[in-house]
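Each chain gets a letter, A, B, C, D and E, in the order it is written, and its residues are counted from 1.
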Amino acid sequence: GKSSYKCEDPYGCVNVAPGQPIKIGAALVLSGPNESLGVDSLGGVEIAVDDFTAANKDWLAKGKHSIQVVKEDSQCSAEGGQTAAQKLAADKSIVGVIGTNCSSAGEPASKILSDAHIPLISPSNTAPSLTAPKTHAECYLRTAHNDKVQGKAVAEFAYKVLGAKTMATIHDGSPYAEQLQQVACDVFKQLGGKCVAQEAINVGDTDMRPVLTKIAASKPDVLYYPIFIQEGALITQQAKEVPGLENTVLMGSDGMISPDFIKAAGKAAEGMYLSGPAAVNNEEFNKKYEAKYGQEPPSAFHLHAYDAATMLLNAIKKVAVVDKDGTIHIPRKALCQALFSTKNFKGLTGTLTCNQYGDCADPKININKIINGKYVPVWPKK
Amino acid sequence: MEPILIAKGVTKRFGGLVAVNNLDFTIERGSIASVIGPNGAGKTTFFNCITGFYTPEEGKIIFDGREIQGLTPDRVTRMGIARTYQNIRLFSNMTALENIMVGRHPLMHHQWWDAILHTRRYKREEQEALEAARRLLNFVGLQGLGDQLARNLPYGAQRRLEIARALASEPKLLLLDEPTAGMNPQETSEMIRFIRHLRDELGLSILLIEHDMKVVMTISEKIAVMDFGKKIAEGKPEEIQRNPRVIEAYLGRGAASGIKSATATA
Amino acid sequence: MAMLELKDVHSFYGNIEALKGISLYVDEGEIVTLIGANGAGKTTTLRTITGLIKPRQGTVTLEGEDLTKFKPHEIVYKGVSMVPEGRGIFARLTVAENLDLGAYIRNDKEGIKEDLERVYELFPRLKERRNQVAGTLSGGEQQMLAIGRALMARPRLLLLDEPSMGLAPVLVELIFDTIVDINKQGTTILLVEQNALMALSIAHRGYVLRTGEIVLADSAENLRNNEMVQKTYLGME
Amino acid sequence: MSEKIKYFLERISWVDIMVWLFGLAILVIAVIGVIGSIHNAYYTKEQWMDFVVFGISQGGVYALIALGYTLVYGILFMINFAHGDIFMAGAFTGYFLAAKLNQYGIYNSHPIISLLLIMLLAMVTSVVVALITERVAYRPLRKAPRLVPLITAIGASFTIEYTFRGLYGSGVEAYPDMKIFVGKTSVLGLRILKVHLLVIILSILLMAALYAYVQYTKAGKAMRAVAEDKDVASLMGVDVDRVIVNTFILGAALAGIAGVLYALIFKQVHFFMGFIPGIKAFTAAVVGGIGNVPGAMLGGFILGIFEALGPGLILEGLGIPASYQLKDVIAFTLLVLVLIFRPTGLMGERLSEEKV
Amino acid sequence: MDSQNTFWKSAVKNGLLAGAIGLYSTLVGLVQAFNKRAVIEQLSLGHITLLLSWGVVAYVFLNHHREAESKGKLIAAGALVGGLGAFLVALLPMTAQWVDYHFVFVHAGPEMYSLLTFGKGPWVGSAMLVAVGALWGVLIALVVSLPTFWRNSVVKAFLITITVGLLSDLFSGMTIGWMFQPFLGVEGLNILGAVLVFGLSIAYDYWSAHRKPKESAEAVATEPTGITKAQLRRMVVGALALVVVAGLPLLLGSYLSHVLNMVGLYTIMGLGLNIVVGYAGLLDLGYVAFFALGAYMMGLLTSTGPLGIAHWTFWEAVPFSILVAMVAGILLGVPVLRMRGDYLAIVTLGFGEIIRILALSNWLKPLIGGAQGILLIPKPPLFGFKIQTPIHFYYLILVGIGLAAFVAYRLRESRLGRAWMAMREDEDVAEAMGIDLVVTKLTAFAFGASFSGLAGAIFASYVGSIFPHSFNLLISINVLSLIIVGGVGSMPGVFVGSLALVGLPELLREFAEYRMLIYGLSLIAMMLLKPEGFWPEPIRKRELREEVGD
């Protein structure tokens, strides 16, 4: 029968005819040195889609719909984000997009997609500017933790719980790590501690001993390096080989929460602290992941990605109007509003509530300790 | 006649080897002079000293009243010396015409902004250069081959093109390093005529290195003989041919007689 | 049977046909010379024999065996050596190393040593400079080295491409004497020369090439007396 | 008087002066930095020694990769951009054997045999990859202009990287610890990790062997002949293809060994691991004089030492924060400096002014 | 009999080769990844990859023996090659129960096995796979035994159909996308579209083959008398080209315009690097440095964020971007004046890295933002209008290309251009021709850098935010590759090169993880196919042209 729906949304509607898939985009880093981030997030998105499909069979069955993930490589760069966003924005049947991984890609992508009235939800952008009052894009949200939140938690844990008085940091030149360690240092200083060294390495470096030697000279209580698996594992291992760091507590962040990290860092990682979302090691999810891809999730943002995708799909379902013939109409502005009004959404990373600028992550940050090769949450105490 | 080039006590060493040893030599304006000598005597090295490729350790080279030893090759060229090479060194991926126009570089003065804006100066100079290049191409007998890549030209043509390129800078002194190497007698006679023609028509002074005695003996007004970097003889062709030291070190007995017959028939 | 025989050989550089059907032969023990103007195809002929260029048509046989299906280095093992045009010495190797490479295909230490002595005797200048890097030798010295190096392979057939180019007259004489010597000791020689007068004076037979074709083939004696040859290649008018 | 000045001015080579001034400026800045650092007295003597040791160790790795690089360059005058990836191919493949051996306990019960087996596998893999690369991407272009094989080399580099990414996955794999190489040992009063010592000794041995091979054996001479002129070399009876293939085999085998050692030190492998060592090895080879075997080694050690020592010694004295971030700046500045004062590298032969 | 043996031996060898290539593409994951992408109805790119890996080998082999062998034998051999190729691949699922391939090869898993065996289990499925391979081989043999014209035409049509199918979702993104709808499936072409494309391709071949002699006759006839006719044609073509170029983005829509913009930016850079590498022969691997400087200058001068120092408009800042890049070109040129060839390459590579690392450094962070980059770079205003969308930028970039091409062309035709080329050919001799090497080299660096600076400035404004990571070595490599793929020293070649190396990979973006693999393979393939580049510089017929002009 003929469609009876009339779209009144100021930004228009996506109309999904019977038999057609509902398309959501995934603009992730799928090539280059950072691709494990993207591969990991993509898994989260695809599993979320599977779960949503399974849970909403009836809703989808009416118009014989399915959910299709259109993946684009947004790389880890501004121009990559721009290209992926342009490509997705050009496809009028895209309802919403999960991405990007790197904040640099998120900058242009958030603007372009918002201009096209397509929501963009990031599982791993952490740069404060993306959700800052003046600079945020209209329909950009994230389930990842704003660096300001995570950095603060790390500093508080180090100062209050570990009783550290001095802290040293290392970043790898990625906007994520650089910002995170800066925030941690700033908060640490406010609390009354001292940031004795802020060092940096480059992605791809292998010999960390010189930089660790330098840090050892200032004998910090805590060494915080919120970087990624490869370099993180090297620092963790080599810190044991450098004299002067014997009593220094090692700390990292969610970039290193991954089974690969434990493997790569080996025994040296024992006793190290890592900050991250409340539920970092979701056994159930990992099983699904292994079953689907034949490997463990290679990075730490799959849960954020899962939540982002679930949030998006739930919002779609909420605002969608199913026509008599099974056509699904999705009003764009309403979708965006629905996303921003997400409240107490029980995701895998905690309870998510979005603020008016698009930060949705559960503000609760866990600190995990590596004990016997497992991430064990130790703070805040339950 | 007043000399155009005076070399005084020129010495060039390579490590322990003295390639050119305390060499004195003058070339009169408008004359053709030759340097001969056994292989490895230091002839090419002497050329390189004159043209600025090498800086002699000792001695002076005075060209047109100015000391030029130690100047960079581009300056020497701009002062009026041009040369060719023992192993032809053309710009092989450029056309014949372009090769000659490069040779004209020192006579052109337009700058990049002239080129971008096509100012009058640019147009005038380019027009002049093109005409000059075409004239030279005809002059060396390569008419019609201007748009051939230099590397596609036959050997003899390449030698002539190299000379045309050298002439494009309108030099006062032309140095030719074995211009007839690899040519047959007929081509060689043509080259002899051509070199004479250069001197007579353009009033150039010419210094050449040659192993072909027919060439050397027929066109040089003066010959210097080098051996182990030293000058062992100097004089008119007839004197040189008779000089026993030269025969011993360079000509060889059989060759000496051969030359006589060759020069006689030429 | 002729030692070396070319039959209707056509060779190309890209689309340029440099040899347009060359046929010639060299008998064992002979000195045969190829003369011709620049670009006539002399070098191309030699390069075709040594396998550096594959002819598109025609055959090159050495004692009845077709050479065209072999690679250049395999042809060397069959006893063919060449002194390439422009000498082709290894500029960054020393004189002695260059000579060693000449004997690359041989394993008889004694024989190699003997031949080395012979070459040094022939060209004392090389002995004097044996540890000098070959690239810094003068032109003539390099030519001596190239010939010496070819001799080190103890070839049965020696191809010489303009060995007198750029040499002082004394040396030209020396080199031609050497060629005759080598020949007398049993090496067959195919000689390409611009210096046709000299070449014809030592050769048994000769061929005249013009733009990729053989225009004359005769005994050296007859060629020397041929009017056309005299005019264009011997410089007599 | 003015005549004299003019005479003098005309003969000054402005290029040289500019270039030297440039070099001098860098040197002066470096010296100021050094003075500053020493003045600060931030590090203890032991720590300074540690820097040097770290540098030499890292340099050993660079040297090992640079040997293969320089060998191929020396023969083909081709920047083999894919060399770093050939190195990766060996190390990555070796990982699987290491993991299996470890699983069965052989890895630590028979460490030397295990290591040899792993190295063998790595070498074979590297060699196979190199041979395919040579056959497909380089050989057909041997007569093409020089930039063309440079581009195929870049293409080959990507292809190899992403082929192995496709085959083995994108994750980081952890090489198991080899117990006998864990920990430090003392040499000449210096505390040094055992793996590092192994690397340094092996790289020196391999360098010496390689040098002797290239310089004194018949095959080595044939290689150098091929490097100069392939046609003429074939006229000497040298099978040019064979020699080139041998060169690649040799270079790749060295890369394979280097790969395993690298993995032993840093204990991780992944498909992108060859990229940066590749560039560093290239730099080291150039610093030492590209094409020169001992030079590659020297270049590797110097590069390693400067990278380890430079930030602390020079940059910190200048008051630059997070100085280790800039260690590559030091590496490349060193390269420029070396080339300014020795345009063909430290041990590169000075092709005495090209013969005109 | 001997040749018989070698024929079959060679067939087996080729079958093994086909299998090896098939195994490679399977294990690397290409087949699996591409399987998600339908090209023609249900036929996926994954299937096509497998078929192609056997087919190309079979085709080359059979074609080689086409004349010598009978049709029947060709067919048999085709079946052998295809079947053997498929068999090797089928070995994977067959032996999977005993061998744990997954330990080493990540893609070797149930999903792959079921894909290879059509979900029919290891034995039945493998048999089916082998049958498909053999049938495919037979089909190829049949195509090979067609007469030359038809053979070439069919192969070409086949490849074109696949390509169109592959790129077909681009059509729907175009402004005129609705026109293509009837021929498109959910993904890729539908049967109708495929048949149409295939047919059109063959029809075109047929038409052009039968038209050719007439045209050349015509050309011969007109040449001596009327140049005007040729000129007229050229003018018409030129005008048409102009209209197309001007209207293109309106036709293509914003995404493809964006792709063209990236191509355009690389073209500007390519034109600059072409001066340095193509004309002056100075191998520069650090070209990205100037791109970065141009971009950062634009960012600093115009950004409305905290790092902005001047809050200028794009137009006020552009000259400074260019100037800064130019000055940097000269400064960086000085220390390398004495270096040649590969030494130059590594040193310039180092410069590129130095600039990137400095941009990233904590040290300069207070000035230029360090890792956080420069945000909030405004778009260029134009008489009250704002250049904002990719379509707007298309015209801005077009103007940039025009400017760069004009300058490059005029410089080449001057004393300076000739000096560059002479220097490229032989530095010593060039110097002996009176050319001042210092000035000549530095101008080459300066002009090359300034083009890159211009591109960087536009880039900064286009993307709106810049980060140090955007200025990595890959950009230098890409620009160098594209000028060589296009043909060193050739200006149209630069454009062709950027289309091939920037445009095409953009279109493969969805194959993310395999894009670089395809990129690498195609770099090799392109160079093997056309070592001189796709649009090499023609020899300039100056003498002829001028004489005609006289």
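Assume contacts are C-beta pairs under 8 Å (C-beta built on N, C-alpha and C of every residue); 3 or more make two chains touch, one makes a residue touch a chain.
Just so it is clear, the structure is predicted and the values come from calculations on it, not from any experiment.
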- Shared touching partners of chain B and chain E are D
- Query: Ranking chain pairs by contacts, what comes out on top?
  - Reply: D-E
- Measuring from the mean C-alpha position of chain D to the mean C-alpha position of chain E, what distance in angstrom results? 31
- Where chain A and chain B are represented by their mean Cα positions, the distance between them in whole Å: 74
- Rounded Å distance, chain B centre to chain D centre (Cα mean): 46
- Averaging C-alpha coordinates per chain, one finds the centres of chain A and chain D separated by a number of Å equal to 37
- Item | Residues of chain E touching at least two other chains | 106, 357, 360-362, 428, 437, 513, 516
- Message: Counting only residues that touch at least two other chains, what does the list for chain B look like?
- Response: 14, 44, 53, 72, 85-86
- Query: By residue number and range, which residues of chain C touch two or more other chains?
  - Reply: 136
- Query: All pairs of touching chains?
  - Reply: A-D, A-E, B-C, B-D, B-E, C-D, D-E
- In the complex, go through chain B and note every residue touching chain C. 14, 36-41, 44, 86-87, 154-156, 178, 181-189, 211, 213-214, 249-252, 254-256, 258-259, 262, 265-266
- Task: Note which residues of chain D are touching chain B in the complex, please.
- Result: 7, 10-11, 13, 352-353, 356
- Item | chain D contact footprint on chain B (complex, rising order) | 14, 44, 47-48, 53-54, 67, 70-72, 75, 85-86
- Using the touch definition up top, name the residues of chain C that touch chain D in the complex. 50-52, 71-73, 76-77, 81-82, 84, 88-93, 97, 100-102, 104-105, 135-136, 149, 153
- Given the complex, residues on chain E that touch chain B span 406-407, 410-411, 413-419, 421-422, 424-426, 428-437, 443, 447, 539-544, 546
